[in-house]
């Protein structure tokens, strides 16, 4: 069976230097998502023609939450779904074949829509590059924008987010974990490992 | 001819006696200062083994084996005489072919080769071959067999059994009902169903054995049953013997040791005719050999070139090597578990096959003045069988990678060493 | 499954369910404008067919191409390659050309095992039907079809579902693979055939057997009809085609005894009028055409899981085999 698609933790260091730190709690996450929702509406002058696509796994509930907030503001629902990028990853061959995650394109498709990709953490940018490729096979959006809960830096590709919940400077040995109720027990963003 | 003094060997695994090999005969209790001394401490001396069932492939398939290489393999296994089966190309169904094979054996000098004559012309099962001419030839054929094919026609089998009485011959039947085994690939059972390989039911062997035993009794002739492979066959032969009928039987080393489970690998090295059977069958065969129901261990040594085995199962040839490993397999399956003594082994692998084949100067007890056909065997070692080490031209041994006990140290044929120190002399 | 897919029996329940779930994701690809994924770009898949089977070959071909693999079709039927030794030579040729997977269909049972375990090739070997042995991807697509239809009313699994497999079990690689896989997935399989067309030793399989089709049908959740070749008549397996159809064929009258939700399946190609009548094959219960669609998705899943990553995602990745 596939190994969990997480990287091995750089653990065998000194134990007491590995304090886990909660950097966003439930309220912080809620506020960040509300702000992102408003920014999306502002940027696109409303929700018309906007489609939210979460990148599994945690981008999907984030896209749902943003959709809910936009619906509350606008009074009408915004199409949202999911886009699995597994088969488009550039590191596909470096690990055992990964389990596919759901791709759910909303009715109406993405042609001539503004697609907002939603993910939890923006890091190297490789996932987003894969998502852009995946999107290309699904249709031709008018524009693609990117919303992330956390931008932790260390980009390896010329990619930036349009909407950021929180910029979080990290060191490369640290790990950023996003917990979301529905998938996890709580809402929290946690940094594991000490800054170098 | 040089002489050898074998010191310290246990005769038939029993008492230690020194034995002098001189002028082609055994001499006990006489020193000879000129003799080359062979230290046989810890070794067992057995009479030279006699194989009633060997395929030497020559003429016709010299790429698989020749009379020379086959008899060398036999010598390495402790044999001093082999019966060469008739399914060569051309078939050994005339005096000319059997004499050729016989002569090749004499020229090679590693074993006395006793050709088996075909029962029917071309092994085709339609017309009797000239059995009398083969019996009268220089090869003095006494064993007749269509081995590889069954003499399926009941009338033809009856006639053959009757006819060989004229020269004290024996018909060695390959018992395989042809219609029940069309395209058959392996023992019919749970495994054949699972593997999708066409099944070879035990009844196909047993039905022919039953018929032939009744025929032999009816016409008062000698029947020999080749490579018995099922528990039911053992029981039928047991009953025939109890009835006083003149029926003998052989079992191969591989049917004593190996089972059909090996077919699950789809490796054709385990494809053989008759097929490997179940554990229950191997147990019945061992018991039958122990109680004398089965008279003989015969190798059915069947060499095949690599390309006939290095392919998918259904396309592969039937058969496996056996000469070099026979004694080890018998030790493993019969002697070590206490089913046979070494004296019994001498009977099953030397006396009995010589008696059935009417071979006079092999299969004789190790006593003063007996022909010096002798094997020295070390039962104390264990070795892993390597296919590449075989002196056969072929490599299709099913025991490759398997650990077996024992090793033939020396073989003497008519006083001349064919194997010394475990190597061809 | 290990490095190869040779037998349905090699799949653990976890493996089989991973294939089904992966196939479920891949099935939606058929609805997209671009029916292609890049996962196997640069990988080479050889379809090595020693037996004619256009439908299986094009199914594998479509699957591999939709995953962007390069596909080489090697049809060896009728050529000198029907002889045994050439399997090895063909394998060595493929190895020399460099291929990542060999999809093999062969008339000899066990030929894929030989290919996988003989050291002739390093590629993954997928059994696309060998002799009267197995056809594991057919079983996977059958299970996938059943799972889609029966799963939603059964908690998402095939646990306890009753599957009747009817016909020439003896000569059917489809029946063997289905019996193994459906058992692994928790279904209860009943093989229905005249006694002459059941293999010796079937009593030790993890299935029920029956000679009475009418007794089995009313309880079945899915009925799979197997092809019965008329030539079997000549082997004495049954007296006449008419008698076979009367006792073991699925016709409208028998179909009426099925439960409302029961589906009718056939691995194809059908012999209409023999084991199945046209009105049954074309009825609403029949999922025979859908089986073909699902075949592509399932084979994509198998190829992806074997070749998509650095090592196979199912089973023991060391490739060891008994």
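We just call them A, B and C in the order they show up, numbering each chain from 1.
Operating definition for what follows: contacts are C-beta pairs under 8 Å (C-beta built on N, C-alpha and C of every residue); 3 or more make two chains touch, one makes a residue touch a chain.
These numbers come from a predicted model, not from an experiment.
Engineer: Among all the other chains, which ones are in touch with both chain A and chain B?
Structural biologist: Chains that touch both chain A and chain B, as defined above, are C.
Engineer: Farthest chain from chain C, going by the mean of C-alpha atoms per chain?
Structural biologist: Between chain C and every other chain, the largest centroid distance is to B.
Engineer: Give the chain pair, either B-C or A-C, that is connected by more C-beta contacts.
Structural biologist: Of A-C and B-C, it is B-C that has more C-beta pairs in contact.
Engineer: Just curious, how far off is chain B from chain A if you go by their C-alpha centres, in Å?
Structural biologist: 76
Engineer: So, what's the distance in Å between the C-alpha centres of chain C and chain A?
Structural biologist: The separation of the two C-alpha centroids amounts to 39 Å.
Engineer: Distance from the CA centroid of chain B to that of chain C, rounded to the nearest Å?
Structural biologist: Once rounded, the distance between the two centres reads 45 Å.
Engineer: Which chain C residues reach two or more other chains?
Structural biologist: none
Engineer: In the complex formed with chain B, which residues of chain C make contact?
Structural biologist: 83-85, 87-88, 106-111, 113-114, 117-118, 130-134, 173, 176, 199-202, 204-205, 322
Engineer: Would you mind writing out the residues of chain A in touch with chain C in their complex?
Structural biologist: Contact set of chain A toward chain C: 1-2, 84, 86-88, 92-103, 105, 133, 137-139.
Engineer: Going by the contact rule at the top, pick out the chain C residues touching chain A in the complex.
Structural biologist: These residues of chain C touch chain A: 14-15, 18, 21-22, 25-26, 28, 32-34, 36-39, 67, 304-314, 317.
Engineer: Please give the residue numbers of chain B that touch chain C in the complex, ascending.
Structural biologist: 185, 188-199, 201, 264-267, 307-308, 310-316
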